[in-house]
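Residue numbering begins at 1 within each chain, and the chains themselves are lettered A, B, C, D, E and F in the order written.
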Amino acid sequence: MNRHIAELAGPTLASRITKDSIVVIPTGAIEHHGPHLPLVTDVLLAEAVGSAAVERAAEEGLEVWQLPTLAYTKSDEHSWALGTVWLDAETVFRTVVEVGRAVELMGAGTLVFVNGHGGNVALLQVALREIRKRFGLKTFLMPSLAPAAPPAGEGLDEHGLGIHGGAAETSLVLHLRPDLVDLSLAERWVPEHLADFGLIGFNGRPVSFGWLSNDFGTPGVVGDPTQATAEYGRVLWEASVEQAVASLREISRFEHARARVAAGPLPA
Amino acid sequence: MNRHIAELAGPTLASRITKDSIVVIPTGAIEHHGPHLPLVTDVLLAEAVGSAAVERAAEEGLEVWQLPTLAYTKSDEHSWALGTVWLDAETVFRTVVEVGRAVELMGAGTLVFVNGHGGNVALLQVALREIRKRFGLKTFLMPSLAPAAPPAGEGLDEHGLGIHGGAAETSLVLHLRPDLVDLSLAERWVPEHLADFGLIGFNGRPVSFGWLSNDFGTPGVVGDPTQATAEYGRVLWEASVEQAVASLREISRFEHARARVAAGPLPA
Amino acid sequence: MNRHIAELAGPTLASRITKDSIVVIPTGAIEHHGPHLPLVTDVLLAEAVGSAAVERAAEEGLEVWQLPTLAYTKSDEHSWALGTVWLDAETVFRTVVEVGRAVELMGAGTLVFVNGHGGNVALLQVALREIRKRFGLKTFLMPSLAPAAPPAGEGLDEHGLGIHGGAAETSLVLHLRPDLVDLSLAERWVPEHLADFGLIGFNGRPVSFGWLSNDFGTPGVVGDPTQATAEYGRVLWEASVEQAVASLREISRFEHARARVAAGPLPA
Amino acid sequence: MNRHIAELAGPTLASRITKDSIVVIPTGAIEHHGPHLPLVTDVLLAEAVGSAAVERAAEEGLEVWQLPTLAYTKSDEHSWALGTVWLDAETVFRTVVEVGRAVELMGAGTLVFVNGHGGNVALLQVALREIRKRFGLKTFLMPSLAPAAPPAGEGLDEHGLGIHGGAAETSLVLHLRPDLVDLSLAERWVPEHLADFGLIGFNGRPVSFGWLSNDFGTPGVVGDPTQATAEYGRVLWEASVEQAVASLREISRFEHARARVAAGPLPA
Amino acid sequence: MNRHIAELAGPTLASRITKDSIVVIPTGAIEHHGPHLPLVTDVLLAEAVGSAAVERAAEEGLEVWQLPTLAYTKSDEHSWALGTVWLDAETVFRTVVEVGRAVELMGAGTLVFVNGHGGNVALLQVALREIRKRFGLKTFLMPSLAPAAPPAGEGLDEHGLGIHGGAAETSLVLHLRPDLVDLSLAERWVPEHLADFGLIGFNGRPVSFGWLSNDFGTPGVVGDPTQATAEYGRVLWEASVEQAVASLREISRFEHARARVAAGPLPA
Amino acid sequence: MNRHIAELAGPTLASRITKDSIVVIPTGAIEHHGPHLPLVTDVLLAEAVGSAAVERAAEEGLEVWQLPTLAYTKSDEHSWALGTVWLDAETVFRTVVEVGRAVELMGAGTLVFVNGHGGNVALLQVALREIRKRFGLKTFLMPSLAPAAPPAGEGLDEHGLGIHGGAAETSLVLHLRPDLVDLSLAERWVPEHLADFGLIGFNGRPVSFGWLSNDFGTPGVVGDPTQATAEYGRVLWEASVEQAVASLREISRFEHARARVAAGPLPA
């Protein structure tokens, strides 16, 4: 069954979309990814993973649907670089909140962003609450890319700092669209000195910091694309799609409160 | 040569994009088009015509390039209908102006919207001036759909009122994606009484009027899709792509002032 | 009867304004019109035509009323020129939408902008829909100036490019306020090369373009005021008022849907 | 000499407007003033006083000029009443700041609002600073109405609470446009109990309070129009124009700092 | 009883806050006050006077409560000076209106700003009406500082121009926090020439003017802090707290309309 | 030395604040924390930890300074609950960005938010980048509360779900302000079913979700305050201040790029 909402006629939705329906929107970016990767990298990954996950989840019987990808998003950390098409934070926020408004009106109960661009995460988290509060939807944000160990025999030496145009993203594009990668231009740009900080860091560290992609003394790449391989891309692809499907499974049974149907009072 | 900017690496643009470059962005809509056409109709037409025109124009030697389509736009006249994903006027305006900002920074001199949704026209016209004023780009707006007479033997009886989901749009989708059309659900919904007005009207009349698509006592369709045929779609397709290419030709030689190079004073 | 709403006491409106009432607001501009015409030109024409049309229409029995003119509007294409007082697009949009809010609350059913400044057209068209959607009013936009052939014996050689400070506007001000015109300073500034474009153009062409009034290599005039005469002004005045009255007649009987009163279902 | 800037051709300003020029803009309101006064009252008074003051001041040799009146302003305290056309605070603020931008660009050094509507005062005071800060203009706000004692033999018993539609405003309209007043509908609506408060009050009291015009248990009038006379109107008119002219005289010699020309250091 | 709302548990409010409750919020500023006073001066005074007044008023049995102070406000007239932390007018407006929204939801009927910074007055006056209109609260604005004559034997020679960092503010900080004052750096900066203007002036004059604190040819001080004494500070403190308490007494019995309980019609 | 910037005179900053200065602003919230904790909880913790950390860090020789706390922030997830004073996301964003603007102008090079309210985290992360981009500051966000194991003999059974009003926050307030805690009203409200989800979760999980604090079928508490003890509060206090000081140490030596001083090219 076609799970692309946009390819249906509007009146058809009345019989297809219900409060149990989960609407997935990939969010990418058109932004600088170094000399070896295309500007469309984040769109490509978000859309590929999102579509594959929706397809597999639908085959499993989940009530998942897909809307067109948001290609232009909040890429202000790369605005210094040729080719980045960034929108202001407020513009992206308005866009996703207004999309949420329409998703509620089409009858769905859940909205999921499958996001390929790290620079969108914090803003989309703000939007998750805003959309829930204003329109009552359940809202979720998941990354398009899941972590995975490289294949046996391959090492990975990025100190956990391969966050933009590094081994993982490059491998995935090699897997999906090798024609868009020019590995001959890939260079290692790992800000290794950041590993000296125990509290400050990109993710999962207690102290966040503001950065632009040209802050690191690198050409806007943070990671080591020279370690990328199509085989690692395949591994990452499988891990990413599988995590996305697993996430949709959890989402489909997620309730904020313990139980809608449970009798009796909540425990003290 | 690949004319999709997003599929290039950012640094590559330095040697490809110049002030003579013309950047084309299709603008569509995800909105109700009646029971017989998909929500994606306007996106489909804008993207298909835009891409085909860029390809042909590039083959002719024009410096044309393409950026990803804006799918979600100003569809507030259909917001009452299931499946329409509309953004507020201000959100769309911010988006296109900020895209213009990025296009100027990537070095291009001209920005062209190939627009598939009539509800965007006035707002994009406002944006043409704003982008020109703020970023100095030459800016243009062209429709994806050009008028064409039906093939010999076919009549067309819409009184010029087939503006949304009517014979033309339906024929074009029949030509491009017949799997997305269900002609069995098509019905004639022509607000014929509007033809009684000599001054008030949709286009080219001196008096404009505000309307929502459910104002007309119809199910959100204005036109007669029952007159659609794949053959008329083919005719329209050729006319539309040809007009788009011809427009790009004119754009490529367009100067606001008489001459950059002419010596001497302007005539009095 | 006094049709100036602002000259009535508020409580009086309860017995005068009904859903059948048509409220007319002239919209002008304070902007550069060349060395021969006053900044107030567009205000003058919109207000004169609007008032005369309301008066004549009222005499015919139409339920028309007038509100004070908006003098400062969206003149950003002339902001480079001394004396232009332009507002940002958003400011004008907010203003007219909020005026629409008040018109709905005073009980009227229809709001009409009689507009003297071409730079307002696209923005006001966006507002027509917004006001209709938010406040339920019927909304219309008409130009203050109607086209007319020059009197016998006079030619007109502007190639259809006399859009700002040209023969028509100058003639009308000569007719209405000759003390404000200095024809000795009038010069011909027709960007004749624009006539070479078949698709790109100011009005009624398929391809719109963004422009500022100093783009054309002229001193902010587009047209040939040297061809202006008071006699042509008189002809234009009559044509303009007549078209405005005729438009009000159509507006007074305009229904979006076929019929409020018609029995039976809409046709399939 | 014509002091209406809008009636001049733009290029003329280059030789007329200098940093010493004082630009006056009347600001009124279209709002409920009770059953006896027209909606246009505040526009009428601001424009009449402003114009008369400009004319007299110009005759004295002051470099004063006038721009068209802002009719629609911040009348939200009367928005409950038929006929009030109010704009939001932000809309009015944007408008006057953007007008200030244009006044600076036309070369003037000073901008003066002659204001007929009390509900604008606080917002315009915020704007005075904003315009000074952003555009460097000297900015002033003066009321159109000056206080004056009634003629001998007439008493005034409003407890200083005649702030809207009371004796003063009604008398002035009787003086200027008696055809717009219907004294037979005037009633006394003085919230006398407010005089019991020593600290809270409308003007000049240390404690301000928020109010809407229907808060007072009256029909939106605060004052006693039954005490209005044309003769008192004449007295007020002279006092108001004289105060406005005297204010323009002070403005024309006003310097924030002690002296531009004084030699030597500022005193400690 | 603790009158600091923020120190209560939320559910407790249900039994404490009613429509008769008066919520007081001090509003200060972090801004330049010359070389002799701390940036926190206005916060210090607003919070000290506000707290003392709430305490005394509560002891008298008034239903007064306090919320945390707004420290950062509209100090744009001092933004040129090191250490000023100013917010834009719109940001402050949004903040206080949204605080008003929450105060209404917690069940109170009255909101009072005790304001220590003159630059906030006009904006807060706009907000008083906005909050009343949107949320129905009674709203008030009072200054933290009341005027008082200096003690016997002390003169005051500021010509009424001691509005920022002058004798009064300096004396009060000397009284409350002498450790934060360095009188050895205090200098007299009185723009005495302003006293020559009879109509233009800071307060209570008919003509307002826009100013920045560096307009006066002084180092951002307007007044004569060399005349400050701790004893005058004590006098001002008592006067200020007493006026604030007296204001709260009036506020607690204030009704816009004559009487909620009075029988019979309002007088004509 | 006094590290409270607001207690200094503005001109003093010229000799104290340099690009090496680190400015710390605590950010709290006035929001519902259940029946046992005060609304001020997050302000209390952010301010106490922030102040203690600044003091200790200054004693160590770090160039740290403190600005007044932002008490009202983004608490929209608790807006349903009495006493919550929440600001809209845009208002908080504007506020912190404008504070950043002032911090840059006072000469500092680094801005640090010590944040006591989880609901601010994503929005402040967006602001970190915005402030860095617009004003060039280094920007950081750290939590006021650090994790710590309970003292020996105490267990903790919150499944990692004690995020609002649970054992940790309650213990800390018991340690700092026991007079503001009423443990007799504390109840366990742990949404244990959320522990069943492996991918969806509050922190550190790949899938974020939107929630309001009344979504969980609990009274706005998420955690088990009955497990709180003053002794655990003491442990948490030490851990939190220590982590904050350690964070400031890292911040004081943090460079985005490898080295300002290093000679030679960056490695390829």
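Here is the rule we go by: contacts are C-beta pairs under 8 Å (C-beta built on N, C-alpha and C of every residue); 3 or more make two chains touch, one makes a residue touch a chain.
These are the chains along with the protein names UniProt gives them: A, B, C, D, E, F = Creatininase family protein.
Computed from a predicted structure; not experimentally measured.
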Shortest contact path, chain B to chain D, counted in steps: 2
Where chain E and chain F overlap in contact partners, by chain label: none
Same-site or different-site touching of chain C by its copy chain D, using the half cut: same
CA centroid of chain A to CA centroid of chain B, Å: 30
Centroid spacing, where centroids are CA-atom means, of chain D and chain F in whole angstrom: 49
Between chain B and chain E, centroid-to-centroid distance (C-alpha), Å: 56
Two or more partner chains touched - positions in chain E: 79, 90
Touch list for chain B against partner chain A, complex: 4-14, 17, 30-40, 43, 67-72, 79, 81-88, 90-91, 94-95, 98-99, 102-103, 105-107, 180, 182, 185, 219-220
Contacting residues of chain C [partner chain B, same complex]: 76-77, 79, 89-90, 93, 119, 121-133, 137-143, 146, 187-189, 191-193, 197-200, 204, 206-212, 215-218, 243, 246-247, 250-251, 254-259, 266-268
